[in-house]
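When the chains are written out, they are named A, B and C in that same order, and each has its own residue count from 1.
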Amino acid sequence: MNLLLKEIRHNPLLWLLAFVPVVFVSQKFKPEAHTLLFVLSVLAIVPLAALLSHATESVAAKTGDTVGGLLNATLGNLTELVIAVAALRAGQYMLVKASIAGAIVTNTLFVLGASFLLGGLKHHVQEYNRVSARLQAGLLFLATVALLIPSLVGEPDSAGAAFTQKLSLGLAVLLIVAYGLGMLFSLKTHRELFASAESGEAGEAPWPLGLALATLAGVTVLVALVSEVFVESVQQAAVAFGMTPAFVGFIVVALVGGAAEMGSAFSGARKNRLDLSVGIALGSAAQIALFVAPVLVLLSYVMGPTPMNLQFWPGAVVMVLIATMTASLLTNSGRSAWFVGTLMLMVYAIFAMTLYLLPPRVQ
Amino acid sequence: MNLLLKEIRHNPLLWLLAFVPVVFVSQKFKPEAHTLLFVLSVLAIVPLAALLSHATESVAAKTGDTVGGLLNATLGNLTELVIAVAALRAGQYMLVKASIAGAIVTNTLFVLGASFLLGGLKHHVQEYNRVSARLQAGLLFLATVALLIPSLVGEPDSAGAAFTQKLSLGLAVLLIVAYGLGMLFSLKTHRELFASAESGEAGEAPWPLGLALATLAGVTVLVALVSEVFVESVQQAAVAFGMTPAFVGFIVVALVGGAAEMGSAFSGARKNRLDLSVGIALGSAAQIALFVAPVLVLLSYVMGPTPMNLQFWPGAVVMVLIATMTASLLTNSGRSAWFVGTLMLMVYAIFAMTLYLLPPRVQ
Amino acid sequence: MNLLLKEIRHNPLLWLLAFVPVVFVSQKFKPEAHTLLFVLSVLAIVPLAALLSHATESVAAKTGDTVGGLLNATLGNLTELVIAVAALRAGQYMLVKASIAGAIVTNTLFVLGASFLLGGLKHHVQEYNRVSARLQAGLLFLATVALLIPSLVGEPDSAGAAFTQKLSLGLAVLLIVAYGLGMLFSLKTHRELFASAESGEAGEAPWPLGLALATLAGVTVLVALVSEVFVESVQQAAVAFGMTPAFVGFIVVALVGGAAEMGSAFSGARKNRLDLSVGIALGSAAQIALFVAPVLVLLSYVMGPTPMNLQFWPGAVVMVLIATMTASLLTNSGRSAWFVGTLMLMVYAIFAMTLYLLPPRVQ
């Protein structure tokens, strides 16, 4: 606990933690100040993400990069799951689907691209475990393709609605089974495949495992609570900032929801531990497709006003496929440099621009 | 011949050969018992496939894995060709096209996926000739893309029909020329590229070349005859089992038609000779695109009620492209493990589920 | 200068240079003889391309293959740019877009495919710098994907027109920024990544740098002037030869416009310097997407009757994506042989056949 306080004292970013109680107080006394709550909740999530990042790195230092990466991806995606469940309850399926697609695209293009750029600005050419990256990119490709099959094959007309719903339900069950087998594979039978190419030395002294795990758990709960405030405020704040609903779901929710993982991925890249970054980005995207999306479909039968299907808007399908194929093609070589990251970020920026300009009725 | 009988006596699977005469007798005396004939013909094809597998392996042992693989693919695809010709004569072009697309998807996702899974359950990580696999996957990508161009570019309206027909005919000629050049390449000028990374030792003593070749020829004829019965019965049996026509063409015909190759591919994977499996799966799929499909277009001018074009149902196009790209991305590393195979089989299962649930009028 | 004349005397191809003045004279006295002017201008461009090729190789010999390749691509694409600007002025946006898409497809499928074929007929298996090729293919993929986003996501209806125009303008600015950063990357910060795997010895003695640069400049101007004649005559000559407008823009303009680079790429392949060929083909295609296309969008605001957007015909989108993915998948291995080139040329031939047969109203 002393170690944690010491860490907070030495890291100015963590001073933003002061916003966490401010968010809860403001929500209690000013529940209608949506723009204020939106800004406060983003400011509160950032330091929580940083704390989560350090705790995860401490665990990773004891368990190896990949287990740390998987762990991180799980906790990071908890935020996305919490946000999506809130939207699910309100029957905002468009927002749920946009945040699923957006989280996959943000992880593959933004997190991976920014990691390549940030790492590349410090290190000339970075190498990472090619075998692991190829495998993860291949699995991500299969996972997203599976997720998109109802959109790729389904008919949009009324006769096809029952078909799409049945297909989505069957698919959700298959995806969760595949996710379970994937955990067995990466954590048990073939964990050595996911080991880092270079062990790298962490700049900071790692925390003891107990403190790291406790921080992981506690901060995750705080992220979830602040995320609730964020979800309630984001839609109305979006209108105030002139953003389309598609842009909010795809870009804003995904970026804020993934803030926790991004901290770890970027700090891994700066420390030349690109395996950690690649593992977080690809693992997190795959987990959204294999776990978060099907869980939301199943939960919609319990919590939602009507069952949710997995039929995505065609533009989102294109963006997800492009993002996945980019990850496959670019992680092929096991090397990266700043310009690769720049181009990935540019494609992400073009997606964001497209969604920002999109006439509202099209999404 | 004694060797052949000895083999049959020691391999319980081959006792199913007894069903071969039963099929012919049943067809003669009970031609209207479609469901019975369907089940009997499937039961008869399985041991024939096993026999073919052993004969091919004997030839492969003397000629190298790849030539054996090509040889095997050729004979395996003979079944598909025979089935498709029967459907062609009856003017059932939907079934012909579904079986072409289904054969490509089944070979790349099911045969390759099951090989990776079966091999991976026995061997921790399997390596195979990466250069050869990449080349074959690249050729398969080009072959399927060429096959799909009329579907990808063609206009579905009436003015486009003449255009699609002319394009399909020109394409058929180009594909067959490419197939001939491909044989020249893989069997003559660059055969060393297709050689196996590891020679592996066959568990069983190979047959002499004469017996192996005679068995290959004789069993192929039997497969063809039983396949005829299978085709006649499959449509009506499908109705009895509640399967859609799209499911029958895409999945059932492709699985039964490819049974011969699957035996060899799976046994190769179990023996850690994954080059044989990859060669069979990718080679067979490429051969469907470069040889079987164009031959059927040309034959439709002679045998069919009207000329057949190469315009596929959009869902089939998506499935074939996904299957081909999966093969390219996953064979890239020259390594496989059980989970890769599992995910490929899952995508195949999702395709099958989609086709099973598809409202009949959409295909 | 003596060296230049000596070169011309010894190379029969360069005797075609006599057609250059013939073109200008014919245009002055027979401006309505479109078919004649078309044939003459093609005949004049061929030797200019050859000269350009030799000059570029001389520069390349002093600066390394990649810088030479980039230089070559820049000058080669100048032809495309000049042709497109002429079409832009006349408001023929369909022709401009067809030539952009066609130039990308021609560079990736035809130039790369013919290089693999021509090189492969002379050398059994050719190896090239895999890291560089993968990187270039990855960048090309990102560049073309960015270029195609308005076509992939945009809505074709009237409400979407303003959206597509705004998106195209924003995209043009982003693409040019990316192009500038790409030059910084390949020529400055990471130029060693683009160095050739094998230095190879040029068959002919290179010219001194002064003569080479002067020839490069002078011949480029001549190519531009002859190209003007070519553009004016090509449309009417096309009708005389029975070609559709889509075929003219996509195939004819791209082939003649790229003649200069093709000479260098093919001669590099024959000399077993495949890095030069790959660099020219992929670099040139990427430059069309990142530089030529956005410059044309921006110029349309100044020169054109109305602003031009980046919405392409769906068939062109499919062809460009297939070409780019082919380049990515096939340059993965860093090896090539004649059949790989043959299949790439076959896909190109199928595209050409499709465009030739296409009913005119569809483009």
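Side notes on the structure shown:
Simple rule for what comes next: a residue touches a chain if its C-beta (ideal position, glycine included) is under 8 Å from a C-beta of that chain, and two chains touch if they have at least 3 such contacts.
All values reported here derive from a predicted model rather than from experimental measurement.
The two copies, chain B and chain C, are related by a rotation of 120°, based on C-alpha atoms and rounded to the nearest 5. Residue numbering shows that chain A and chain B use the same positions for less than half of their mutual interface.
Computed centre separation for the pair chain A/chain B is 40 angstrom, with centres defined by C-alpha atoms. Residues of chain C found to touch two or more other chains are 325, 332. Residue ranges of chain C in contact with chain A, taken from their complex: 130-131, 134-135, 137-139, 141-143, 145-146, 149-150, 152-153, 155, 159-160, 163, 166-167, 170-171, 174, 177-178, 181-182, 184-186, 189-190, 193, 325, 328, 332. Touching chain C in their complex are the following residues of chain A: 124-125, 315, 318-319, 322, 325-326, 329-330, 332-333, 335, 337-340, 342-344, 346-347, 349-351, 353-354, 357-359, 361-362.
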